[in-house]
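Naming follows writing order (A, B, C, D and E), and every chain is counted from residue 1.
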Amino acid sequence: MTDVLGIYNYWIYVLLMMIGLYGVIAKPNLIKQAIALGLFQTGIFLYYISMAVIDGGTAPIWTTIEHGAQKFQGPYDNPLPHVLILTAIVVSVSVLAVALALIINIKRQYGTIEADEIEAMDLADKARDYVRGQVVDAADDAETKLEGRHHV
Amino acid sequence: MFEIEANLPVLVVTVPLIGGILTILMGRGKGPWAWATLITGVVFYFTWRLMQAVLASKTGMISYELGNWPRQWGIEYRVDALNAFILLTVAGVSFVTTLYAQKSVEKEIPQDRHNFFYAVWVLAVCGLLGITVTGDAFNVYVLLEISSLTVYALIAMGKDINRQALTASLRYLILGSVGASFILLGIGYLMMVTGTLNMQDIHDRLVAMPDAVHNRTVLVAFAFLLVGLGMKMALFPLHMWLPRAYTFAPSAVSALLSATATKVGVYMAFRFLFTIFGVGFSFVAMPAHIVLSACACTGILVTGVTAVRQTNLKRLLAYSSVGQLGYIVAGFALANVHGVAGSVVHIFNHAVMKGGMFMAAGAIMYRVGRCDLRAIRGLGKRMPLTMAAFVLGGLGLVGFPLTAGFISKWYLVQGALQAPHMWPVAAVVLVGSLLAVAYTWRVVEAAYFQEPEGESATVTEAPLSMVAPMWILIGASIYFGINATFTGEISMRAAKSLLGGAP
Amino acid sequence: MSHVYLATAVVLLVGAFMLLYRAIAGPTVYDRILATNAIGTKTIIFVTLLGYISGRTEFIDMAIVYALIAFITTIAVLKYIEKGRLD
Amino acid sequence: MHWNEIVTTVLLSLGCVISFSGSYGVIKLPDFYARLHAAGKTDSLAQLLIFLGLVFVTPDLLTQIKLLLVAMVLLITAPTATHAITKAAHLDGLRPWTKSERGGRP
Amino acid sequence: MNAVVLIDTLLLLLVTVSAIAIIEVRSLYSSAMLTGVYSLLMALVWVNMHSMDVAFTEAAVGGGISTILLIGTLVHVGREEKPLKKRLHVPALIFTALTGAALIYGTLDMPRFGDPAAPIHHYRVPEMLAQTVGFVNKTPGKQPAPEGFDAQQYRTFDGRVKDIPADPTDTAWRENSPLRTEGLLIPTVPYQHDAHAEPGHHLHPPDDFNGHVPNSVTSLLAAYRGYDTMFETTVIFTAGVSLILLLRRPRREGYLQKGAPLGDQVILRVVTKMSIPFILIFGFYVITHGELGPGGGFQGGVILATAFILYALIFGRPALYRIVPPPVSDVLTGVGVLVYSGTGAACMLLGGKFLDYAFLNTASPGDGEALGMTLVEYGVGITVSMVMLTIFNQLAEEQSK
């Protein structure tokens, strides 16, 4: 039982991550997907920061007392995951910005930001191309046949 | 004071970083392109020097501690035969691709943002090189994100030709970010049990752990890293983002990506499986070889069949890339010297061949405006050099003797026959070659045995600035097919050091 | 003394729960903005209190940042509502 | 308990009560303007009380000044935001709730 | 149950509720607002876990910038999500449940939450926290260890831990470890100036930091893992350039449009005018005081950017363009990264390794470290503020017609 109490904090990060992942998969709206991706990443951040916690710890910032000397104030939380997550947060906001730029472009070009509608439009494009190709092919074949007959 | 020789590992990354940023200032016209070419050229030179240095060093390994912090605390750059070879490949292909890019980019990207475009381009190269050179697990994640972000932007620049570039890019962004997050999570789990981020240090700690194989945290870390890496290197069935991305990206970008991006993904897999976890953990205790070779073999067959059914040349090449990646993965999954060597040498060979073929597709795109099978009818006569390059590249994919592809397949088959119960891999390699014959033949048939029509009837050969780089790569693929001493030796050396445990 | 801080913090959190209900339920956009803004204020007080709970009171700069950010976000949202654009 | 701790306790409790009543009002009251009334005023007062309360138990001067600074910043920005919200709602045509009328959008 | 866990539990409950709300609320606009709330709450979680710098960043980025960016996007794409036929996506639910189960399975062998004897707390980090890495390892170029300093004794926490087992998951050792009973991780390290330092060696106490950087997060960020941070800045730069590539309109098509200033809001105008100088000063304060307290280049940069964004919101974007014209901000985005990488390259050209700040001032390497870290922080600040501004400009620039 103590084990569960000891690690339940890690489970909440899993929960947050999975809420995000569910959003990414289940929501057809692209903005929702981008936001959900952010949630997903925050879950990971929570994991890293939980990793840094130490019993009875305090912020890993030494207090300066006079003449630049520093006072030790009991165990400090681990600064390493903090540093890593600072980097990761920056990365996640960059990804969000690029995703939003892409979404705006998609809205401009497709007129919608629902993934299923876009998918349908892409399929329609493909079908149109295919049919156009078939028509051109048929016309070419007919032309060749005509030319052949002409030569004969 | 300052010696180039002592700082080579870091120069390889910082030169394109600083150069990439300065690209913004290069104004309009040809300035940005020339600058980008210069930078990638310099980087290529440095990677060549680095290769020489690695080969000359006694330990076969060069370590560079950034900021002079001891490697266990700071960040370390660690170059061995494998890195050096991949670095050389990536830098070389990027240099040639940059040479090639000028005309194609001029046509496909709006003129007023060429400086930004090339800045992103050079930064993408910087990120890819950075992943390859680093020996720190978290540094991999950061550089992975640089290369991914730049690649998303580069792919999306195809939007002016086909709007699907945007959806392709966004889909890649979402899948790629999820994959990168899995990698981050895997690194976090490893850090939890080992308390360090340096790859070698993690490895030592895992080895010291008597029961790592049964440690649930390590197992989950392994699984998530595998999935994340699979997404990044587009291993079947996690390849869903790749075909669209390569099809709709600007031609030059497709050439760059196909030759470098997934290769670096494979390299990461090498590092994580062999250096961090170690052969004993990954392939003896864990069934990674079964999972990976099953994925790879299915991938080779499925994407081969799919490629045969494609009508768009770039999409065909994209599917073929997923299949070729299968060979690379199947090779190192064998975990014996020949298999791994085949895998390493195929990274190089495939980069060269596929780069050249995408360039050919780009040249067709440049002249004809599209690149489906209908558009290339009769181009064998109108664009002889381009089509010949394409066909020679295709022969390489098939594994025709005297091409580079033959060398890698030779190693692979040898490795597969040496490994116990792995002969199906050899069979799949052969079937895959037949499929490659099929899709290459479709192109040959259209280009040489059909009459040109429509706009294809009037086109002329692509400009020299496109044909020359294309032929450099295709020529390299022929050269290294005939004389494989260099590539073969290096990859054998890389394979031995990987399998020998310590890199 | 720490019990007092803790009790205050818990009351603030419960208040935040109630406000969150308003932020989700609406019904008008203005209700949401109002609730979000109020949560922001609660957060600022909370950050300060956390410093007192953990015995490190020198990090009050954080609270200033929170105040600024909450303010700017509110302005951006309002501008969007009023003008339909941000520039 | 020292006298300053008693003062702090009283001020914090007062702040708590006011803040909580504000939150409760935001849930309970019938329309936007009433809720605004509940939230806006209580927030300003509660934060002022709590920050003032904290000042009494803070030993060093710099932290005290910072506390008062935060309180002041909030005292300026929070009403400004509230004012802007109200104005926007008013311009948007949101009508207040009365006994005879439900309020909301016309 | 101690205070941290109690507040943690309540906060995480709140965070989870808002996360579910973000995903399930139908209006995108509410979703964006709730994202802001979520970030502020998450920042509280970080503060509660004593991660001040992360909280600072999360509040500034998540609560401020991200929300503004999302709203800027909504301007273009509309506020409502299309109604879904099915509320619940069962395959996705199953998939996420399986993934979650796998992740939870992985947590079962982890050290418990807050365990002081977890490998991560005692393997490499204590030296970083005490900032004595250069000291322990007698790295050339760093200050040599003082006489009588025993690395092994240091490593074993003043001999209190006899032998740290090689196996990081050794639970029996963890249970009996003196670290656990004493709750103390940091050994006593001599911080006095070293009188025995030879000329040319570093004259300052351990690790060349001028004295000792009080905020150990900053020391890790700017020194030990300074290389990561350089690329973090590059990531931001890349995002800015990507947005220019994707969204900027050609100049001839109305590069400078008319903005929509909030001209009639007198109170807003006055308050903004009053507060902008204050915000700017505060931003610079945060950048410079990164080594003393929470904050640093990134957080300060974001605060500077919010000042500009606030200005643009109230007085219109064209007014902002008169202060920071786009070409200037474009160049400045690069300048920041160049300052950072240039600092690194300067160290290299002076004969050290890349980013070995000690070489910036060979007479007094400790001052060199301080100088390098300050330069680097300013580099980050410049890039971050200008990129955030650029991103805002690009998102706000073109309006749907």
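Note that a contact is a pair of C-beta atoms (placed from the backbone, for glycine too) under 8 Å apart; a residue touches a chain by one contact, two chains touch by 3 or more.
The structure presented is a predicted model; accordingly, all values stated were derived computationally and were not measured.
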Quiz item: Touching chain C and chain E alike: which chains?
Solution: A, D
Practice problem: Quick one: point me to the chain whose Cα centre is farthest from that of chain C. | Solution: B
Exercise. Report which of B-E and A-E is connected by more C-beta pairs in contact.
Key: A-E
Quiz item: Which whole number of Å gives the spacing of the CA centres of chain B and chain C?
Solution: 48
Quiz item: Just how far, in Å, is the C-alpha centre of chain C from the one of chain A?
Solution: 27
Quiz item: Quick one: chain D and chain E, Cα centre-to-centre, how many Å?
Solution: 31
Exercise. Can you check how far apart chain C and chain D are, centre to centre, with Cα atoms defining each centre and the answer in Å?
Key: 11
Quiz item: What are the residues of chain D that contact at least two other chains?
Solution: 77, 80, 84
Self-check item: chain E, residues touching no fewer than two other chains
Solution: 4, 50, 52, 72, 74, 103, 107-108, 110, 118, 120-121, 124-125, 128, 225, 228, 232, 235, 238-239, 242, 246, 268, 275, 293-294, 395
Quiz prompt | Touching two or more other chains - residues of chain A | solution = 21, 51, 58-59, 61, 63, 80-81, 84, 87, 91, 94-95, 98, 102-103, 105
Quiz item: Which two-chain combinations touch?
Solution: A-B, A-C, A-E, B-E, C-D, C-E, D-E
Quiz item: Mind pulling up the chain A residues that touch chain C in the complex?
Solution: 58-59, 61, 63, 73
Self-check item: Interface residues, chain E side, partner chain C - complex
Solution: 3-4, 6-7, 10-11, 14, 17-18, 21, 25, 29-30, 33-34, 36-37, 40-41, 43-44, 47-48, 50, 52, 55-56, 59-60, 63-64, 67-68, 71-72, 74-75, 257, 259-260, 262, 268, 275, 279, 282, 286, 293-295, 299, 303, 306, 309-310, 312-314, 316-317, 392-393, 395-397, 399
Self-check item: chain C-facing residues of chain D, complex
Solution: 5, 8-9, 12-13, 15-16, 19-20, 22-24, 26-27, 32, 35-36, 39-40, 43, 46-47, 50-51, 54, 57-58, 63, 66-67, 69-70, 73-74, 77-78, 80-82, 84-85, 88-89, 91-92, 94, 104-105
Exercise. Would you mind writing out the residues of chain B in touch with chain E in their complex?
Key: 1-2, 7, 10, 14, 17-18, 21-22, 24-25, 64-70, 72-75, 110, 112-113, 116-117, 119-120, 123, 126, 130, 138-139, 142-143, 145-146, 149-150, 152-153, 156-157, 159, 185, 189, 191-196, 201, 205, 208-211, 215-221, 223-224
Practice problem: State the interface residues of chain C toward chain A in the complex, per the touch definition above. | Solution: 54-56, 58-59
